[in-house]
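Take a look at the structure below.
Per-chain numbering from 1; labels A, B, C, D and E assigned in written order.
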Amino acid sequence: MALELRDEVATGSEPAVTQPSAPLRALTGDTAYAGDPAGAAGSARAGEPVVKIRGYGRRFGDRVVLEGVDLDLADGEVAALLGASGSGKSTLLRALCGIDHGADGHVTVPKERAVVFQDHRLLPWKKVWRNVLIGVKGSKADALAALQEVGIAGRADAWPGTLSGGESQRVALARAFIRRPRLLLLDEPFGALDALTRLRMHGLLRELCARHNPATLLVTHDVDEAITLADRILVISDGRISLDHRVGDDASARSGTAALALRARLLSELGVNPNHRPHQNHEKR
Amino acid sequence: MALELRDEVATGSEPAVTQPSAPLRALTGDTAYAGDPAGAAGSARAGEPVVKIRGYGRRFGDRVVLEGVDLDLADGEVAALLGASGSGKSTLLRALCGIDHGADGHVTVPKERAVVFQDHRLLPWKKVWRNVLIGVKGSKADALAALQEVGIAGRADAWPGTLSGGESQRVALARAFIRRPRLLLLDEPFGALDALTRLRMHGLLRELCARHNPATLLVTHDVDEAITLADRILVISDGRISLDHRVGDDASARSGTAALALRARLLSELGVNPNHRPHQNHEKR
Amino acid sequence: MSAVSYDYEVVVGKAAEDSERPIAKRIAGGGLSVWRRIWSSRGTRFLGPLILLGVWQLAVSVGHASPLSLPSPSNVFTTGRHLVANGTLISALLVSLRRVGLGLALGVAIGGSLALLSSLSLVGERLIDPVMHMFRTMPVLALLPLFVVWFGIGEKAKVFIVGWAVVFPIYINLYAGVRSVDEKLVTAGKVLGLGRWGLIRHVILPGALPQFLTGLRLALGVSWLVLVAAEEINATSGLGYMITNAQNLSETNVMFVVLIVFSLLGLATDILVRLIERWTLSWRSSFVTK
Amino acid sequence: MSAVSYDYEVVVGKAAEDSERPIAKRIAGGGLSVWRRIWSSRGTRFLGPLILLGVWQLAVSVGHASPLSLPSPSNVFTTGRHLVANGTLISALLVSLRRVGLGLALGVAIGGSLALLSSLSLVGERLIDPVMHMFRTMPVLALLPLFVVWFGIGEKAKVFIVGWAVVFPIYINLYAGVRSVDEKLVTAGKVLGLGRWGLIRHVILPGALPQFLTGLRLALGVSWLVLVAAEEINATSGLGYMITNAQNLSETNVMFVVLIVFSLLGLATDILVRLIERWTLSWRSSFVTK
Amino acid sequence: GSSSPTTSINTSGTSTGAGSSTPYTVNFGFINTTATMTGPWGYAYSKGLLQKWLKADGVTLNLSHFANGPLLTAAMIGGSVDLGVLGDTPGLIAKSQGLPAQFVDQPELDLVAWIVAQPPIHSVTQLAGKTVAVQQGSYLDRYLQGLLVQDGLINKVHRVAMLSAESTPAFEAGSLDAILSSPTQWPLLAKTGKRYNVIAKSEITPSLEGTQVTVATNKILAAHPDIASIWNSVRVKSIQYAEANATAYYQWAAVQGNTTAATEEEAAPLSSYPTPNFTAAGISQLQGTLNFLVSQKEATPFSLQAWEVKSS
């Protein structure tokens, strides 16, 4: 079915170096927000999932990274995505962004999306505040407000090349937070932040979710972060979603023993001995 | 004194776009490992610090990032460096690498250094295993062994551009671990790794330290990681080293209540309310 | 939440392709995947030249141009076949290829070395760069007599003239390429223990390679251009000689045959550089999926 | 640990500068910071041209060259002063500047558009790219008669010839520049909601700008080169006309004056492009400290 | 001057100075875009005779050809060419600028130039206000300017410098009102099928016609003072040989120029190749050209007499 057809197209179209170049492929692909009312997609009916993934798979050459992934995300749902390094989290996110043209299966997403890439992807030739405004209509004041929220309004006029790792990450966050997405895709968005800033960003994310109620997919390596922020926790391993846990809706599910139990379960799913707590059993040297 | 003199040189030499280009400056600078026996530096006497930082400061334009930093690192000492995003941790590391030509003060470091950059800096035109061997004499087998240790021997023949974030980070780690440095500089080296891989890397780092006994400066945002790995924990804030804590030598200092107390102290130094534990006090939405 | 409706799109799957249609149609001239597949095939590269041929034939048929200024494709083809059959064209091609080959080698070596000296050393930059910019606007045509005075009228002079012209695109592009190498990678290489030559070999040259190849593309083109001027000096064969000769004898057919040979050489050099690119820049294509 | 001794180095501070010495000496010809500071000053860019002048004077003094092939600098200077005084040089310069300016504008517009079409659209690439490679090796000298037939012998023909030659370096460099834009940034721009034109304007053009400027540098050079050929057609003034004329009349002094004007124009165009670079690529210098 | 009899090889090396007795090579340059040397000596060369004759004097000839006079004089300055035949205009200009070479002979006189115009122009006076293209510095230019000065039109006609490769198509396309042409170009124009008027022929005003000059560098003359006489003798032999085989000669010339034998005979009859190295008629044509160039400030005056090589 669909899978076979994609395969054919995927192998038939893009032969290595000669053809279509990066910019070319991007341009001849579709454009987010571009408005294609007569396009292949429809409108959401209330209650339907906003993200539908069916039989999704991705292989690079012989290597199968993901296979047969089915997933629905509902409006307003915050899902955390955990998984070993190289398990395919970013690959899945790229597909949801609509920038992966070599995947199999069928994926539908809302047109209004916002993304924080794992590698930030700031345009080096645009000052920080202009980077925040890429693709949205807004004034410098809007950009400054967004930068203020992530705590780097002071660097608004800097070139991205001069930012520290955490600063770039926060610009990428501001860039996502200034939008009103129906789908928010965050690829390890807090990885380069210190504890304090990270907590602030957690707060901001919650606020944004409360305001616009987007479906959110948050890739993180921090199990605690997943438990604090997510309604639903997904673990990828061996190319599939091996665990799909819904966190209870009340606060108790995120604290105390319930949280500790969940933490242990997630860690064991990730291959870590859950009894292995930090600052315990290593004797140094 | 030295500070004034540098200042003069720093302002006198490099006027914006016209002059000296990136590669040029790198080439006319000195080269690590290049062997300059008649150079300005001497040899270590036992017991003396291997890293000496005196009156170090760095400003970008009007912005003072670091000022009056004094720090010694002894042979074999593992120091963790904590600090808010943008506080100057990477800046200090760059100075210790010897690639920052605009700093004030006086810094002496051993010639044999290994670095993991915050942004990995793999050469995109060299396959993974060749990236590991840059600047060292070694065979592909050596590279594969190092890659095996960080768990990505399977991607040895891949181009860096196809790696996931965590995979790149591990290649950068392998690149550092294959050396026998006297000074090991690690800039958030585990930030993009999942829990399991991170624990493995901690083990590797310990092993390396045990084997070659380098002075190590580890930048991290993970307080627990600092406590588990470091002999000494430094916190940068407001442009200075605001806390310099030596972790006790016995295992007890890294576990149980001692660790929790240290954790609380570090977090409060970083501005976080230490009572604020994960999975506790946030009600969701 | 109220029942606000939002637009959806398929990002993976059958419809994902169709959603490319509007833009593909606008740019690519055909919206169906079938068309994209057809255009993707390498054979379509010959369409442009074929259209050109058609336009030429049309121009001749409409008859606006005199046969002296624009002969018909068939006439030119006949002449071409004749020139190939009697060996003139092939031997001219071989002679010119030798001159261009030697000149290119010389120019690339000199231009490349100067670019490296100039982009990697402050003193080199100060001394070499302005002089290069002074020389490169001096017209080859005007310099011909000086070349003759200094290098004589033999093969040497012709090779030197080609070499001279090749130096500049190589210099400019390699210089710019070196300067555009990501400094983070250069410092990384340095910190990792690469010495001067190691840095140049492992970091700077690979980083500048794409732009160097652009320079090479231009140099290959330029070398054929100046060949005509070079072969004004005491040449007894060669493509440039042939075309000047044909021009003076008003043999428009021959002139067009040689022009077509030049254009085929242009195509060939492009394919050559593409092959070099595919071979040396394969790491770039790996970004395809990121 | 036993008392193994290791080498140390000063990476920040006074000695850090001195430790640069061995390499600085090897490359920069002077190891002291004072020297580096001197070389860094922009004035040293004039050293190369001065040395050139010295070599010229020396060659003349040693007397290996006949005044017919290499006049002395002072003679050339006198002739130059005379030509400036009687207005010949200035009016020739103005006439040629106009032709080059118009030709450049035309060539940059056409070459730039073709490069964008070709690099951004599959069909464009298939149709345009091979044709460009076919045309660019056709020697301008051989095409002159065709230009004359199609565009006459007025200003138009001269401007078109310059434009024709300018198209190719612009096309090749902009095409390569667009293709080298980091795809990650392009997809990021797309995901962030940029449309086709937004992507071109905010991502692709800025990303390709450095290489475009390299193309512009080459185009500026090339435009002066073909001017000489263009002004072989029915010109009564202009630098190209002047130099051809001087050549025909064996007025080596005048020829050298014009050559020097050409080289100064080369310097000026370089400075112009440097200014554009400083203005548009300021973000690049920000990587200085990373 | 006069042509001296040929001498046989003198192996003892005592009869003439500077070691001219041992065999040596002379680099000979001529103007032609094709690699073949034209004229009677070119014909003799194509038959292998010229080489044979020169061999007898111990001279090996090495031919080089050039697109225009300036390139040939550059080659003489650079030492790549020892002996060369070029048009009188570039030769006189180069000499007045100090070309280190002497005047060996005047091998061809009466270079024929025509003015070809678009109908309805049918006379030179009608050229007033019109555009005429001519290759600058050529004998055609000399003829045109001379004629216009004579007719008082020099400031009324728009004279533009173009190479014939460009002026011919421009003329056909109607961009030019008239061009200068040699009879050898005429058949090419006729081939277009259009009608053009030949409004002036230089045969009527031989004093305005160009000539060719042979010059030898001071260097070769110093090393082999007899080269001038050697060359002259073989030149004379060539002319005599061509005259003896006139039909074959014109045929051969037609093939070289892509024309017809009749055209060649009209453009460059064998009668325009004098056997003496200097003739009164030739020198007066040359002097006329020099005077003209001086009047145009394109050359400085000098004595032709003094330029003549002193035959050994």
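Following the convention adopted for this analysis, a residue touches a chain if its C-beta (ideal position, glycine included) is under 8 Å from a C-beta of that chain, and two chains touch if they have at least 3 such contacts.
Everything numeric here is computed off the predicted structure, so don't read it as measured data.
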| item | value |
| --- | --- |
| Common touching chains of chain D and chain A | B, C |
| Most distant chain from chain B, judged by the mean position of its C-alpha atoms | E |
| Chain pair with the greatest number of C-beta contact pairs | C-D |
| Averaged-CA centre spacing for the pair chain C and chain B, given as whole angstrom | 45 |
| Distance from chain E to chain C - Cα centre to Cα centre, in angstrom | 41 |
| In chain C, residues with contacts to at least two other chains | 23, 27-28, 36, 40, 66, 69, 120-122, 145-146, 149-150, 182-184, 196, 244, 247, 281-282, 284, 287-290 |
| Multi-chain contact residues (two or more partners), chain E | 70, 73-74, 77-78, 165, 168-169, 172-173 |
| Residue list for chain A, restricted to those that touch at least two other chains | 19-20, 22, 27-29, 31, 60, 97-98, 119, 162 |
| Those chain pairs that satisfy the touch definition | A-B, A-C, A-D, B-C, B-D, C-D, C-E, D-E |
| Complex contacts: residues of chain B adjacent to chain D | 2, 5-6, 9, 12-20, 22, 27-31, 35-37, 39-46, 50, 56, 60, 75-76, 94-98, 100-112, 182, 213 |
| Partner chain B, residues of chain A touching it in the complex | 60, 82-86, 89-91, 118-119, 152, 155, 162-167, 169-170, 188, 191-199, 202, 206, 209-210, 221, 223-225, 227-228, 231, 249, 251, 254-256, 259-260, 263, 267, 270-272, 276, 278-285 |
| Touching residues (chain side chain D, partner chain B) in the complex | 1, 3-20, 22-24, 27-28, 33, 36-37, 40, 42, 274, 277-278, 281-282, 284-285, 287-289 |
| List of chain C residues in touch with chain D within their complex | 23, 27-30, 36, 39-40, 44-49, 51-52, 65-66, 69-70, 120-124, 126-131, 133-143, 145-146, 149-150, 168-169, 172-173, 176, 180, 182-184, 196, 210-211, 213-214, 217-218, 220-221, 224-225, 227-229, 240, 243-244, 247, 255, 258-259, 262-267, 269-270, 284, 287-288, 290 |
| Contact set on chain D toward chain E in their complex | 66-69, 144-146, 148-149, 152-154, 232-236, 241, 244-245, 247-252 |
